[in-house]
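Per-chain numbering from 1; labels A, B, C and D assigned in written order.
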């Protein structure tokens, strides 16, 4: 898909997430692969209001996180995590949300290293899952302002948990991905739903 | 009512349910009877986003769950349940939602075989109920990925509970129905409201 | 204000309340005084979807609850309560909502005969209240399907609590009123907010 | 920015806050600096519905809280607090919301004199904060109907807590600010999110 189309689709995702309160206060960030070789990622700019994104706000970045060509602007501070996920999972789109329930559960279950979600029909919406009896393990990674270090830790965790569809950053939020933006958005909805259901118990 | 009109009305229902968070992650499915003899059911396609349905997405199926005519597409995985409800209850429309509260309560009350809701004015909105003193018994059916088996279990439960306006699938969600789409939507709103009220106690 | 204008304003109120989940499942009903002498009340029809009201749906009724002139349709089942409130309080508009929190608190505090709300800044939005130190007593009336009897009980309670801005019907919902539709809507928002705040403690 | 543009932007903020239930019942009030010398503040009128504001509803006031020129209307009852914040913090915009969680937490933590929020990624959205390890202290001020006295108390607290990005009025709500309306709105979203996350623990 073309860069402008990806940007438009991600902007629409932002409006829907904003309405649900999942990207308040300029939190959250989104990306999609515009070209695989050489890698060009279409990503949200740093500190943007996620409910009012325009396609022109998005930035093209290369595999080192540098803005391509003559485009001006600063990409999301968490660009390295997006690149890491694209590499580790072959993802076509990466979405990061920041909900109240993700914030709370990532804190509550940090000592366990993650959160197991099992026995819910909703799990079947995760790519490759065919039964509610599936046990999804959502790793929790400690938060860190050093993005290079956080990217390395994330890489290690993603390698160690090859089945995981997502991970949580402690008191920070959810990262998930998909082959397409639609698949990644479906994963966000499923996981945010399940986090709320776990959190309310 | 014509097939396109039913499809359009069900698509509108989907937008309203999506906004309330009752059909996230492509969960939920909807159907309405387009013709009684021979039976043609207008049903949501498998794995569709329920907040963005177009009338053209809906599929006509026969009483065996086969897509009629030359239409392409795969009907909802839970088509057999819809057909069972149409047969057992003479329903004109069947709606399945997947809310956080339904997920939680269907789990909490599984051992009781169901959930009693009694003494609420809101119950009067259920067809044929004329007093808040009504006691609604909502059966809970264990979840199952074998749809043929689940349809048989559902049939047995529906026969055993002829007064029930709805049932829950464990950790899966709510099924309810009505003579029309509007009646079925009213039943969804009433039952989701009551499940939230019970869940928050 | 003219009957059509009142009807249009009440329909708009319905859309806003529907979005907040305060009138699900055709619950709730609204009225406004179109003429004082002889009394004509503009009222919602029975069993209407409150998020999709059109001005033409509203019915003119007289002081005995009869539909005026040649208009067809059945007024809200709770018409007598509206008339009682108009008489007892001189209200220009009466709004009845049916939220989860009102349902729960009206049950929890029934034995006390009512619910005291005190010390909240939000109380200042109630007509005639000038300090957060105000103590609002919200009477709770047992629910009853006999509307004549319920209207008599309500009349007695309204007379006994001349300061009350609202009352709750047990497991049923909130009644409040105002000189205008805007004032009554403000009272609904304030009281629903306070019920939620009390309920979450 | 021109007065009409500020008024339009604040009206848009009002619509977004209204949808989230943060300014129900005409609660809340907003202002922005239209001119620094002499000070002209663009402020919401008293008792307005915050979801239906029009640019023409806003009032220009001077540094004593008097409406400038020939404009008619009564400015927000809390005008003195807005002026105090503009003076103490050099704010370009001041936003006051009135949510359920702010109401509850301002009550629960009154005896502590404030509420500490620490370790959340969301804190980084507050101006000047660069790490989730930041500890934000949100002072809580007792509510008071005497606005002159409340303004003095607020001034004292703002001076004593020069790092604070916001404060709570007990059982009343949140005050925060920013150099621009966008920054102040971001602060509201961040703080309301964090109050909900703290409140649900």
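Just so we're on the same page, a contact is a pair of C-beta atoms (placed from the backbone, for glycine too) under 8 Å apart; a residue touches a chain by one contact, two chains touch by 3 or more.
Just so you know, these numbers come straight off a predicted model, no measurement behind them.
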Copies subunit D and subunit A - interface residue numbers shared by over half, same or different: different
Rotation angle (°) superposing Cα atoms of subunit B on subunit C, nearest 5: 90
Geometric centre distance via CA averages, subunit D-subunit C, whole Å: 32
Distance from the mean Cα position of subunit D to that of subunit B, given in whole angstrom: 45
Touching two or more other chains - residue numbers and ranges from subunit C: none
Contact footprint of subunit A on subunit B as seen in their complex: 21, 24-27, 49, 98, 100, 103-104, 143, 145, 169, 171-173, 199
Touch list for subunit D against partner subunit A, complex: 20, 119-122, 125, 130-133, 182, 186-187, 189-190, 192-193, 196-197, 200-201
